[in-house]
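I have a structure I would like to understand better, so I am pasting it below and will then ask my questions one at a time.
Chain lettering (A, B, C, D, E and F) follows the sequence in which the chains are written, and residue indices restart at 1 in each chain.
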Amino acid sequence: MSLVESFNTYRSRMNDKILNSDSLILKRIFNLDTNAYTEGSLDVKSKELIGLTCSLVLRCDDCVKYHLGKCKEIGLSTSEVNEAMGVATLVGGTIVIPHLRRAFEYWEELQNV
Amino acid sequence: MSLVESFNTYRSRMNDKILNSDSLILKRIFNLDTNAYTEGSLDVKSKELIGLTCSLVLRCDDCVKYHLGKCKEIGLSTSEVNEAMGVATLVGGTIVIPHLRRAFEYWEELQNV
Amino acid sequence: MSLVESFNTYRSRMNDKILNSDSLILKRIFNLDTNAYTEGSLDVKSKELIGLTCSLVLRCDDCVKYHLGKCKEIGLSTSEVNEAMGVATLVGGTIVIPHLRRAFEYWEELQNV
Amino acid sequence: MSLVESFNTYRSRMNDKILNSDSLILKRIFNLDTNAYTEGSLDVKSKELIGLTCSLVLRCDDCVKYHLGKCKEIGLSTSEVNEAMGVATLVGGTIVIPHLRRAFEYWEELQNV
Amino acid sequence: MSLVESFNTYRSRMNDKILNSDSLILKRIFNLDTNAYTEGSLDVKSKELIGLTCSLVLRCDDCVKYHLGKCKEIGLSTSEVNEAMGVATLVGGTIVIPHLRRAFEYWEELQNV
Amino acid sequence: MSLVESFNTYRSRMNDKILNSDSLILKRIFNLDTNAYTEGSLDVKSKELIGLTCSLVLRCDDCVKYHLGKCKEIGLSTSEVNEAMGVATLVGGTIVIPHLRRAFEYWEELQNV
């Protein structure tokens, strides 16, 4: 199974379990999360770039993968994604680089999906 | 080997190596860590909930696993654990969600141990 | 003006501005935040200890102050609060100590309010 | 002196000292930082939104102030800035809220400069 | 009162309160902290550089101030301190820069004590 | 393949991809990173100890591995490395311990390369 497929499968399976649990707080956070990235005062592209770079500086590989998937879906180019990740790496420091490696690998796989 | 078993095996093996090393600081930190979660002004349950949620907001999967194991051992219910993790996710943000997925998976496995 | 009074005044004034802004996401996060610390599967005391210690390991002075105020309000003792902060300092490291100093100062002032 | 003025004055004064020091690494980081936010594959607006939100999730008040100043300069609206900060608060959690308060205060002052 | 004096005064006063509290965990952490920076396999200079740079990447102004004070005391030169802080800024990213400004200011004041 | 070999292989492969991309910011960060650890006002040993401990408190396993590899290369002893990691664990808290386990495992493997 590719990186993309295994990420999506695990994510869906566990999100279902979380949403089927009795935790009201978690359900509301998930609901809020779904709505937050839709078009508002900012367009979807700006919001996904925010989601991607915040995930990268906070060094959350799975969050980066999720937003890379969305960036691909909405048609962001490799140059745009790389430049955004460049700014994030500058802000977050060289400590971000290992996460950048995994992001590059995942983005490459996304081109073949 | 289950997630629980492989976590515990690796943890024990490496803790032994650390404690058999020549590092006095590390030995004292480990000793302090063992004592900190015993009953004092707060009961063990309150302390484990603190350990679990601090681990979750700091996004340390292994620390979360360890405290989930203790929460199970001392008889915390799924509702209690989920609510604690809900508060932690609110405090720490959606960046905590991937760690929450792994926490739900591990808690599920703990029920079958 | 005391630390407690100036913290509360500024917090209320700015929260009003945030809630009177046009940001739907922020309004929903604030609403969720208010509800999360009410009694559920866990009692209010456990939740405030979680709020306090998560704030301390994440090193957010204002969040610590807010939860110390709530801990005082619901009748937690100095020993309970100190022990919770001791566990948090162990989890978060000596980097937490400067925040602990400010927490001790604020807790002391809270006794005189 | 206003918040804006005192921030800018201190920042300029200390940046001069850093750049006049003998540290080659620091000079190169500062130089890179200046260039990173100019138009490239992404426009300046997208980059400033990235700078602002990454600063907010990493909870750096001074970095937030700097990017709010730039956002004002390039003509971002209050709605756009608030929505970006809403997404960042969701990603980073309620721990971001105290920084959001200071960001709202600073943005308000920027309107009067 | 200078930055150095006010930092030291507040630090001593609050450390006394913490050590006079009933928290055994905190007392042991403070004791461990005092011992950790004495000469062992590494000399004091190496340990203070570690303390300084770890404090800087974790963005704790008070911890940075404390270690700058020690670096001055044991005779580290401005070039050595600046180079160490340069590496830390590279590792931790531009988000470290505001803390660097305050570190430069404090180091300058330390020269006049 | 050993931990050391698989780390180095993946790191080299992905670094090549990043450097062959069109991102000027990333290229400049990588270039700066290479130069920062060479001898200057501080010797290479001091700089590698800084790199190692900053990586550990920021809890970046891959960064820790990289600097452990360099520490081995330049002849640091196990006692020196362990003591540095002890100080870092004290600064960063027990949350660092899972990363310490993986660091001990990797250091052990490095002795057999």
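Following the convention adopted for this analysis, contacts are C-beta pairs under 8 Å (C-beta built on N, C-alpha and C of every residue); 3 or more make two chains touch, one makes a residue touch a chain.
Given the structure is predicted, the values throughout are model-derived calculations rather than measurements.
Among the remaining chains, those touching chain D and also chain E are A, B, C, F. Using CA-based centroids throughout, the chain positioned farthest away from chain B is D. Rotation angle for the C-alpha superposition of chain C on chain E: 120 degrees, rounded in steps of 5. Each chain gets one centre point, the mean of its Cα atoms, and the points for chain B and chain C are 23 Å apart.
The mean-CA centres of chain A and chain B are about 26 angstrom from one another, to the nearest whole unit.
Distance between chain B and chain D, defined via averaged C-alpha coordinates, is recorded as 36 Å. Contact of a single residue of chain C with at least two other chains is seen at positions 22, 24-25, 29, 32-33, 36, 40-41, 54-55, 57-58, 63, 79, 82-83, 86-87, 89-92, 94-95. Taken pairwise by the contact criterion, the protein chains are fully connected, each one touching every other. Within the complex formed with chain C, the chain B residues making contact are 32-33, 36-37, 40-42, 45-47, 49-51, 53-55, 57-58, 63, 77, 79-80, 82-84, 86-88, 90-92. Across the interface of their complex, chain D is touched by residues 22, 24-25, 28-29, 32, 35-36, 40 of chain F. Every residue of chain E that touches chain C in the complex is listed here, in rising order: 10-11, 14-15, 17-18, 21-26, 29-30, 33, 54-55, 58, 60-63. Contact residues on chain A toward chain F in their complex (touch as defined above): 59, 78-79, 82-83, 85-87, 89-90, 94-95, 97-98, 100-102, 104-105, 108.
Those residues of chain E that touch chain A in the complex are listed here as 57, 89-96.
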